[in-house]
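Structure record follows, encoded as structure tokens.
Naming follows writing order (A, B and C), and every chain is counted from residue 1.
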Amino acid sequence: MFNAIFYTQWKWSRLLLLVATFAGLAIPLVSIQSINEAYGNFEVVHTIQGYGIGYPLLAACLGLLLSLTAWGSDHRGRHVYALSLPIPRWHYVMLRYISGLLLLLAPILAVWIGGTLATHFIKIPAGLEAYSGSLAVRFALCALLAYTAFFAISAGTPRTAGIVLGIGAGLVAAQVLLSAAGIEVQLLKPIVDGLFIWPGPFEIFTGRWMLLDV
Amino acid sequence: MSSRRWGSVSSTLLTAAVVLIGLGSATPAKAQDIASIEARVARLQERARALEAKADSIAAANRRRFAGTLDSVEVGSFKVLADTAMMKDVRRAATLAWTALTGVFGDSASMLLHDRTFVAITDAIVDSAHTDLRWHATLGTPVLAPREDRVRGLAMNLVSAAYESFWQRLDPAMKDWISSPLLPTLEPGKIPGNSYVEVVTAGSPIARECFSGTLSACRRSLGFDRPADPAAAWYSAAERRALVDRLSFSLRSGTDRDAHARCLHMGSDSACSALLAANAELVPAILSGMTRGTFLVTALRKGGSGALSRLLESSGDSVSTRIERVAGTRLDVVLAEWRASIIDARPVKTRLAASSALTSMFWMACLLTLALRSSRWR
Amino acid sequence: MTYAIETRALRYRPGKSFALDDLSLHVPAGAIYGFLGPNGAGKTTTIRLLLGLLKPAGGSVEVLGLAIPAKVSEALSRIGYVPERPHLHVSLTVAESIRFHSAFFPTWDQRWASELLKRFGLKEHRGLRSLSKGEMGKLMITLALGQRPELLVLDEPTDGLDPVVRRELLSALLDYVSDRQATVFISSHLIHELERVCDWVGVLDQGKLLTEMPMQTFKSGIKRLAVTNPPRVRADAPFSVLGREPRAGGGETWSVRGWEPGMERYFAENGSLLREIVDLDLEEAFVELLRTARNAPGDMALPADAKENLIHV
């Protein structure tokens, strides 16, 4: 059963995984390319920091797209096939989820290998340390979290997804209207803070994404 | 007619009058025209008086429009005018700013404010017609109270105004040493993490010695005494080569292209050293102006009451001597304190905090539970 | 009698315009049960309720002796289902679809499935996107039969298919049923198609079950009568009156069921004249039944005995 589900998910997402794996491998390698041109380690750290945004962005996009591909075919068939299979719904959801988790391993490993290779081939300037392992773990957690969040939304009914997206869009629209009317009420800030400041669910995205750091 | 429209009409008319008067005075006068010119000048003067009266009435209208809504708050030496609706925020911002300012400059911080009155303006006023902003500017120095994070935003703008005043009052020798204005901060006890990164990662081994605890190295890193050949004194052969590479554009404009090529392509340190010695003024200090600024702030904080006066009034002596006077203690003591604060400022570690990892796993479990509750009813 | 499918007072209301009311279905085990009804009658909704794809608002469902939805997974493992529209993962090939599907059914018979593929002329390497409508129908039947189900639930399986493919599918279906004594619940609005294969019939219209009976009973004795000077319908009438309406030129047209030779006497005894007796085929009977039911708001226009005869179990 698991093999069957895993195979379909692999088939649907292999192109995405290929691109993500390539990107995961490339970001650390590219980030160290300009190190030789940097003057002083301060610039090295700044250069590395500049590439840092690539990791959470990749993790978020990967999580979103992988969850969409996991459910895309079922959504198109209005879940009739999935629901007519003789397994409980939670079992089916779990199999799809675990398949996605396993598929995520490829880009996660790519980030780790890319980081390890990148730091292996350069002479790390004195005063700096390589954090390829830590970076890969952070990337893994972010990718898994993004995948789980979007997976949970996708696994729901269109109504659930509509409610979640509707609330988000409604808040943004309300904030725009309030700002346009000159009414100084912050609707989004507390929500964004709640999501991205510890112990919010997405705090892990806001850490320092450094391959090399002090 | 609204006061705003009156504002734009009056400024147009005033401009026209001035241009006409200018044209009138610039036109060569003939003897027979003198009487008519005088009459014309009289007419224009009359017109200018009328326009001035109109401008006064517009100002009065504005005063009537805003005066009822404005109130003032005084915290320390900060006097801030603001709309009554945001007085609570303004008071908190002024308190925050004054605490931050006295944290660096002590009670002498009032010297930097010159009894100035600040006017807190909102984004709406900035976005509105110039007359509103201009009228507010007549009441004092406008400072923005931004829509987002208003209290901290306004406090930062008030502190920035004081720092700007501080920078303007510094003498050239001190300015030359620091090289860039001090970064205003609301947390004076907290040195920016960038300074830590800079000290730890600076190109010169001297900075790393400083980090390890050699105070004489800290002194050299901060560039109190700039040697005649800084490249030879501060940097290693590899760093000199990297420096030549980095400064290639400026150095090429010089004449010794051969030395440049030998330095970069053949790795000749003598060529690199010669090039940098000939362009000593281009060789950057070990630590940046931002980090030197943190040192000055440490000295000011150490010096306590009167430190600012001593800094602004001193001149003539070397920078290090003046800083000793400001801090009221030996330079080594300030250096040690500064080094300790730099080490305290170590940025958040790149290593993943266990709390973050556990929290994200907790949320994953919550979200997965939600997903597993996915209904089969469609 | 044991039932493969049994619902009691099943109710479902997806929106304001449509509701399934007090549906009580009884599908005998081993029967080929034709579930007839016009488009929009609620056939697909009923099937989805039977398979636990929709949540009923009331009533109960039992399939193969298992309560739905409580034991839906167990029931589904013994049911072959062909939905109204293709529902498979279209990015897969035929072989991949079969591999995927078979993984969920412990009773899957790969040899039998391969035979079916061969019989239908389906190539395993073909992608589902490239299959024609007929080929897709064949694949779905293969998947449904390959698991060796005890119950086949087919929702308009031959709708839109050409007669050749339709015949191929029905033939495979009948072979399987005769071989395994499985129950088939097949919904369709193609009356003639069901007439040939079904031994039971249920008619659904506007969410209500109008009738449910053996096909033979449904087909037999349905006549249209032209009556002059029509009598009142007596309780002891030997036939069931499905409907009566005025006839151009005087008299009435009656639709009756259970007509047998010699019943003309009933009219003579009541001072009426029976002018004409017309035989109706299954489709006409079906149309007549729907027409009668639809023209009867509440119980007013429908004769009491006709109302009684609408539902026979």
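To be clear about the criterion, a residue touches a chain if its C-beta (ideal position, glycine included) is under 8 Å from a C-beta of that chain, and two chains touch if they have at least 3 such contacts.
Only a predicted model underlies this, so the values are computations on that prediction, with no experimental measurement involved.
Contact with chain B and chain C alike is made by A.
Centrality by Cα centroid goes to chain A. The greater number of contacting C-beta pairs, out of the two interfaces A-C and A-B, is seen for A-B. Chain centres here are C-alpha means, and the one lying farthest from chain A is C.
Our note on geometry: chain B versus chain C, Cα centroid distance of 83 Å, whole angstroms. For this pair, chain A with chain C, the centres built from the Cα atoms lie 50 Å apart.
Centre to centre, using the average C-alpha position, chain A and chain B are separated by 37 Å. In chain B, the residues that touch at least two other chains are 376-378. Residue positions of chain A with contacts to 2 or more other chains are 78, 83. For chain C, residues that reach two or more other chains under the stated contact definition are 52-53. Residues 37, 39-42, 44-45, 78-79, 83, 89-90, 93-94, 97, 125-128, 131, 134-135, 137-138, 141-142, 144-145, 148-149, 151-152, 155-157, 179, 182, 184, 186, 189, 198-199, 201, 203-204, 207-208, 210, 213-214 of chain A are the ones touching chain B in the complex. Taken together, the chain B residues at the contact with chain A in this complex read 122, 124, 147-148, 150, 194, 196-198, 200-203, 208, 211, 242-243, 245-246, 288, 346-353, 355-357, 359-361, 363-364, 366-368, 370-378. Interface residues of chain A, counted against chain C in their complex, comprise 1, 3-4, 7-8, 11-12, 73, 76-78, 80-81, 83-88. Interface of chain C with chain A (complex): residues 51-53, 73-77, 81, 83, 87-92, 96, 99-100, 103-105.
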